[in-house]
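There are two complexes below, and they share subunit A, which is joined by subunit B in the first and by subunit C in the second.
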Partner chain A sequence: MNESVVVYRGFRYLKVATLLCLLAIVLYAFHTPIGQPNGGSWLGYGLGGIGAAIILWLMWFGVRKRRYKPGKVKLEEWLSAHVYLGLALIIIATLHSGFQFGWNVHTLAYVLMMVVILSGSFGLYAYVRYPRLMTENRRGQTLDGIFTQIADLDRECRDVAMRLGDEVNDAVLAAAQRTRVGGGLVRQLSGRNPNCPTLAALKLMQKLAAGPRHDDAGVRKLVQLLAKKDDLLGQARRDVQLLAMMQVWLFIHVPFTFALIAALVAHVFSVFFYW
Partner chain B sequence: MADHFTVAIIGSGPGGLSAAGRAAAAGVSHILLERCDHASDTIYKYQKGKLVMATPDVLPLRSDFDFKMGIREDILGTWDRQLEEHKVNIRYGAEVVAIAGQKGAFTVTLQDKSTLTAEYVILAIGLQGNINKLPVPGAELPHVQYQLDDPDEYEGEHIVVVGAGDAAIENAVALAKQNSVTIVNRSGEFARAKQGNLDLIRAAIEKNQIECYYNSSPARVTEKTLVLRTADGEAEVRCDRVIARLGATAPRKFVEACGIVFPSPDPKALPEVSSTYESNVPGLYIIGALGGYPLIKQAMNQGYEVIEFIRGNKVEPADEPLLKERFKGLADVTVEQVLATIRANVPIFSELNPLVLRELMLDSIVHTPKKGDIIFRRNDYSNSFYTIVQGEVEVRVNPLDDSEVVVLRQGEFFGEMGLIAGRRRTATVVARQDAILVETQRRTMLKLIASVASVKRQMDAIAIVRQIQTYIAPHTPVERLYDMASTAKLRRFKAGEILFSQGDAGDSVHLIRSGSVTVSRRIGGRDVVLSYVASGNYVGEMALLTNAPRSATVRAAVATETVAIDGKAFVDLLGSDPALRTEVEAKFRDRLEINERMERAPEAGSIIQFLIEQGVGEATDVLLIDESLCVRCDNCEKACAETHHGISRLDREAGPTFASIHVPTSCRHCEHPHCMADCPPDAIHRAPNGEVYIDDSCIGCGNCQRNCPYGVIQMAAPPPDKPGLFSWLLFGLGYGPGEDKRLRKVHHENVDKYGKHAVKCDMCKDIEGGAACVRACPTGAAIRVDPKQFLSLAKLGT
Partner chain C sequence: MTILVSYLTKKQRGGVARRDIEVAPGEIRLGRGADCEVHLADPRVLLHHATISPRGGGWFVEAQGTAEMRVNGAVTGASSVRLGDRLALGPYELQVTEAPGHDFAITIELAAPLGDDLEQLKKRSGTQLRSAGLGKRAWSWTLAIVVLGFFLALPLAGFYAKTDAGGQNYMAGAERTWLTGSDIVWISGKIAGPHRFFGDNCEACHQKPFVMVQDQACLACHSGIENHADPARFDFAAFSGQLCQSCHKEHNASLGKAALVSQEQRFCADCHSGLKARAPATELVDVANFSPGAHPEFRVSVMGEGAKIVRASLDASPKPQEVSGLKFPHDKHLKKEGIRNPEKGMVKLECASCHAPAPGGIGLLPVRMETHCAECHSLRFEPKALDRVLPHAKPEQALMVMRDFYAGQALRGEVTDETAPALVRRRPGVPFTEPERLEALAWAERKALEVGDQVFGKTLCASCHTVTGGQGKWEVAKVSLTWHWMPKAKLFPHDRHEPVACVACHDAEPSTAASDVLMPSIKTCQQCHGGEAATDKVPSTCIACHEFHLPHLSPMRAAGGGSAMAK
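Presenting the complex of A and B:
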């Protein structure tokens, strides 16, 4: 019923991009420039011009995505084209360079472009892979629903802990008040929290239940409740992790695009200025 | 010698007051006789603070007294003041016991034996002076009462309210705040009540604030209890007070003693009056509820008019200018002539009383199409009802062949299929010659069907034949269908109710005329859904064709109405029409095959089951999100907010998910929209393409929000303007695209300035390219589908 951007309209834009690349390769193969292949030949200028135009058009996606104007073309079509034309740049820009690399602004632009394309490729992978994992992890619940359950468990834990002495009470209180889901980027991406107060409280209860307070029904109950809460926390952290994975690549993709533009301007300017 | 007046007006309700006011203003010698020590006793006895409505809204008021929607106290206050201002000659405590004499010389006798004479008498006594009493022993006990003035006077009592009308519900709900209240309903539901009251009483019963005895009636009243006759025998209910709200009937004995004749012995019958409100006794006039017009505004207009009639003036009814405007497309005919023509030419409207017909016409449009003009097209989503006053139309029933037509002539109607099913038009209708058509709006027509039995009867009789022809036997001549149609019965099923069960004997075919059903079979001890069948299809033919018991269970997915056709008549028709038999058998084989395949792909059945549970069965267009593609970017919500005054009408995250199909909180554009049911300004409409939308006349009452079972309507004010996209993109100004939900809590300015109004999805009906949520989805996860097409193996079995 639904079509992903990868297969959109029977791979329409894969076909367009492949055609473009094949054309470039064939021309490159039959082209006999003066000296070694370089960006200064007619084919080099042609490929450079096409590449630059594609880059500017790909950048416009950021605006198109946020302009909700009337029109028949769906954003999905834009994204499908964005993906395949972006990948086509690998070949077009490489041929444009004539495989001449060095420590200069020209190669800098090339490297920045490759970073943008690679980060975008990860984005595509994330978009294809993670949505399903996220749904499976949710098990039909919403994140808010999970947090509500956690809050209920906290209340229950504190009621039980009330009668069990300071040590237990402090641990349960800490678990209720200082447990965090998410946080900094690394924490979000890891999907774990090794210093989680809930986990600490759970371990303490397990220790007590196995040893000195093995016949205390309250402690046993807390083991049960905290284990359930730990499960839910794992679920919530996994949710946050997957969402972060689907977004984190944009923190490379977008800034590097702007860096690429700066380098591209320098590249074009220097080529014409020092000609 | 007795006092003499030109006009004696009996009863100072809205009608009598208005008549006396007109008489006073016109200098006619008059007397207004009131039994109580205050005017308008019926309204005086309304519950304290009750909101009095001024319906019908479109009808202008014509009276020397003012009246508009307001609370009881304000209205009575205004009238008391105007009684003095107009110098109305009113006599309180004057109960009339007899009227004798004739035109020019009536003698009116009062309770205190005094008499007065008058040339004309106007009876404006209404019905409430003769309210129905509890017909049981103990009804005379002091704690049995028939009215409730101020519900706040009672506290901590056990009170039983008897009755199921609006008055009983209003009393019960108001008393339940401080008392323990039981309501006694003679039938199984509250069918007579207004939608708003219905919701109130249902909610109160559900929350155990009020106890309800259904199918019960009082047997006797004792000092501390009320004994009820229930379906399970007698039940005793403790009570400190009984409030019986059983309606009222005409005080027949008194009226008949005046010489007035009733048309039938039915206790609900009312005397007939002429177009000038004169009864069969010349000079004796009847206005208001006793004459059949129970609404306040109608009665007040009649009061004004009757005095003018008596003065020999010809007055046009108050709605005359409005009707003239309605009829201005017709050359040189009076309103009276148009109404007479409609009444004479259109049987379905011929039994309506003049006032109801006028009101109906105020809510209708008169069209004068020329030969060849298209009235509506197949698949349009309009759902108004048309009657042919003059001329002919042709119904093009075959989408592939415009020459296959059914001709409808003067007096017939069309458009009822869309009205009943809540779905798209099934045919294109074209004027066959210059014609005059009346188009009546959906809500008006539904009200009429609900309130006038003759309209419903005539409409159903013809609709059944047409539905059979359209959906079962499109190529069979209509004459051959009459026999089968005469065996057919209309049957209603609640959501979840079973039409027939697997293993039952097959004795009938059900044609679904509104709603939808699911077909399921018990496999390995559990119900597996095999298919979803929408309105416009039939079920149950399999058992008849194979002469075997029912092979599956059919259950209503939503409230459903079917035409149940007798099995034998159906088989007979197939026997006499080989072409039809071939068609039906072909469909039958398709179904068999689908059922077999569905049994082998139970996950598709589970998805259908899940979507039906989410109410998708009554949707016409629903937003679904494929969560295996959704990257949770919320661009759908942002697009919605950006294209709809800054407020997103969909909540992506909320709502259930099954097998990666997510049903977000978003409008489904129901076949029979719940939101439309009780919209005071009638601001909710269905656009030609099916979008249910709210127009600018919304008053912000919140009824639609409460009535929507899917929670997709919000009450909101537009958020403040924000900087443009590039200001945000380049300079970080504002909060970017989409709705910033935090703003809802902090921006009071626009709430104060514009007030909150109902907002909902309009499916981007005015936006090129359609639904913004779908267009803005970068990964193709969001789709909008029509369940009629979507809930099938072909779409789900992959």
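Presenting the complex of A and C:
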């Protein structure tokens, strides 16, 4: 999935959503309820009903995308509609609220909805932008391929270091045995692994190569090998980072959707319970 | 003799490969270095890891520098070597055994191979968010349950915790607890100020679940709230089908305005801009808003002939006249040069000299003869007796005061009036005979009636009142003042208009007669006030001057049921 979701069929769902929003805005502008505009006027109930229906329909996308059997409507079309109708909710739900906010279940539902929409917007951005960055970063390789190269370099480094002093050997061994790509949430998202043993080994070799052992062919070789490994590590970490960015929003989008549904149920129930 | 060194290597398909070398006795170095007698080719071994050397007929092993070594499981830096000992150097295990033809044998086995670099790298690295402890399902459930718990289950449990088996809410007014007060999260907007004192008591108004707030809840306090129109004359007046809350929107003050009473123009104008079509029986004139031409001229309710109230427009011809029974020229009293006060000389009167605002600032206090008029208009009837004053508003008593006064004079004598009989003018102290006494009293009676005619009919009473009759039978016309000039409007808030001079609205200075109606025309108000949409005037909607529930009408809804009010 990429830009095609955005431009699907000449922005068909952008047009649908825009039309819906314009209709809501025009009605709101000419709507004059007694007192402040609020969710309890006929327009308020109407916008609330439409908003709730859209939310439930958008959730159905989660079910639909798990079906491998192709349906009448392409998944791409579903997603395009999902994106634009989801964005339309910002306007529909805000007008439904009549701009009245407070510390209550109603505003809670609104805030949760906004969190879902904003995380979804980031998801859209990620799906449009990151696949290209990933392709560029991988330079025709796979993450597994990069890992294989790193492991090969580790072996090669060790063989070279075997003949060298304990200080060099220890550094190379640590670089081989303790270097990580990614890891926890922060490491994956930041694309950085501070105190990387490979970098430390590279710096040591560079220091040695610039100093007393500048004529040691083994050390010079290690500088080359470790520098290449460091490059590959950077590439792998960037790949992991981009993949994490493409995934991480879903870990907000999905749980908050369920929180939103719960708040929506409480919102609708309480409004009619204390009618 | 030599030392046998055997390298054992596990084959991939099982079995063990063995490679033997012989080492000359003497100092034996073990390490990764190519120069070591016993070569241990693993990066986890130091270049020169340990040394085995003969010492005192036996053998001794010593680790080099920081190298790690275990002998029979115990970490040590140096140890003697005996047959059967097990040495651990890095990943290698060394077994010292007897060997025929050799001093001894060392069997070397790589106990902990390095392993697959790729597998280990993958194992160490986390490349999937799933592996970072994130999950969707657990968080979804957790968040949904927390939200449902705090925002649905808890308030609901709280509601039923304060409801008895019969569904009656017996806890109304009780102290809120964390449970019974948890429905605060359901509040849909700020409560209007006047309702806040019971505002945390949701069930004071929301008496039945899933039923809109019913009028009974409002009538618990607002029991007498009046109709908008007379239900006997207008069938729409009951507003049947409408609830109090159809117009009065509670929880709707979030934007800081008091939304409970609608101030909007259209709220009234929707009907009143074409009222005849909706209520043919109405006498009301159509009103659209307060801008010029959209609101009719004020119609004042004036006291008319026979104390009957007459309602007429201020621009009617002839102009409405107040028949108050009083005479009062405002112009004479408000003269620029002032008016003569018998004691203080020239005094300049102002409106406020007589018209004082009522406490609360809404109306004006009534003008009182004793307070406001008597200083100039004294009721002294006899120049020779300035301490004698007639009582106001009591003609019979006034006659008695005059009779008493002149009878006393007649009986005492020394009256200077030349028209009086000599008997009355005699020197005091001369005794009377009975016929003389009667004659003196007859004079006193005549004198009292004569002075009375003068006082009532000309000098005192008549300056303000219309007096008819004479000779002790004086009729002072009844005073009937208009109290509420515009009863269909709220009382005018004079206090809020304080910066404006009275005469800017009430044209009192040229008024020569008490019958003049000094109520200002609507044009006066419209100099400052405009309709709801006015941009250059004070935007004023109907509610600024009028009320929806008219105080003189019957209650709009019959109150019934128990009080829902709490606290």
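Throughout what follows, the second predicted complex is superposed on the first by the 271 of 275 C-alpha atoms of A that agree within 3 Å, B and C clash if a C-alpha of one lies under 4 Å from a C-alpha of the other, contacts with A are read in each partner's own complex, and residues count from 1 in each chain.
In this text, contacts are C-beta pairs under 8 Å (C-beta built on N, C-alpha and C of every residue); 3 or more make two chains touch, one makes a residue touch a chain.
A quick note: this is a predicted structure, and the numbers were derived from the prediction, not measured.
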item: Which superposed partner A:L243 touches (first subunit B, second subunit C, both, neither); value: both
item: Subunit C versus subunit B, contacts on subunit A by residue; value: C
item: First (subunit B), second (subunit C), both or neither touched by A:S270; value: second
item: Touched partner set for A:P131, first subunit B, second subunit C, both or neither; value: first
item: Which superposed partner A:D231 touches (first subunit B, second subunit C, both, neither); value: neither
item: First (subunit B), second (subunit C), both or neither touched by A:G140; value: first
item: Subunit B versus subunit C as contact partner of A:V172, first or second or both or neither; value: second
item: Common interface residues of subunit A - those touching subunit B in one complex and subunit C in the other; value: 143, 243
item: For the subunit B and subunit A complex, residues of the former touching the latter; value: 626-632, 635, 638-639, 642-643, 653-654, 656-658, 660, 662, 725, 729, 736-737, 767-769, 772, 774-781, 783, 785, 790, 795-796, 798
item: Contact set on subunit A toward subunit B in their complex; value: 1-5, 8, 62-63, 65-68, 70-76, 78-79, 126-127, 130-132, 134-135, 138, 140, 142-144, 243, 246
item: In the complex, subunit C residues that touch subunit A; value: 32, 34, 41, 43-44, 46-47, 114, 116-118, 120-122, 124-129, 132-136, 139-148, 151-152, 155-156, 159, 183-190, 202, 206, 209-213, 246-247, 249, 252-255, 257, 259-260, 262, 264, 266-267
item: In the complex with subunit C, residue positions of subunit A that touch it; value: 32-36, 38-40, 99-106, 108, 112, 143, 147-148, 150-152, 154-155, 158, 161-163, 165-166, 169, 172-173, 176-185, 187-188, 236, 240, 243-244, 247-248, 250-251, 254-259, 261-263, 265-266, 269-275
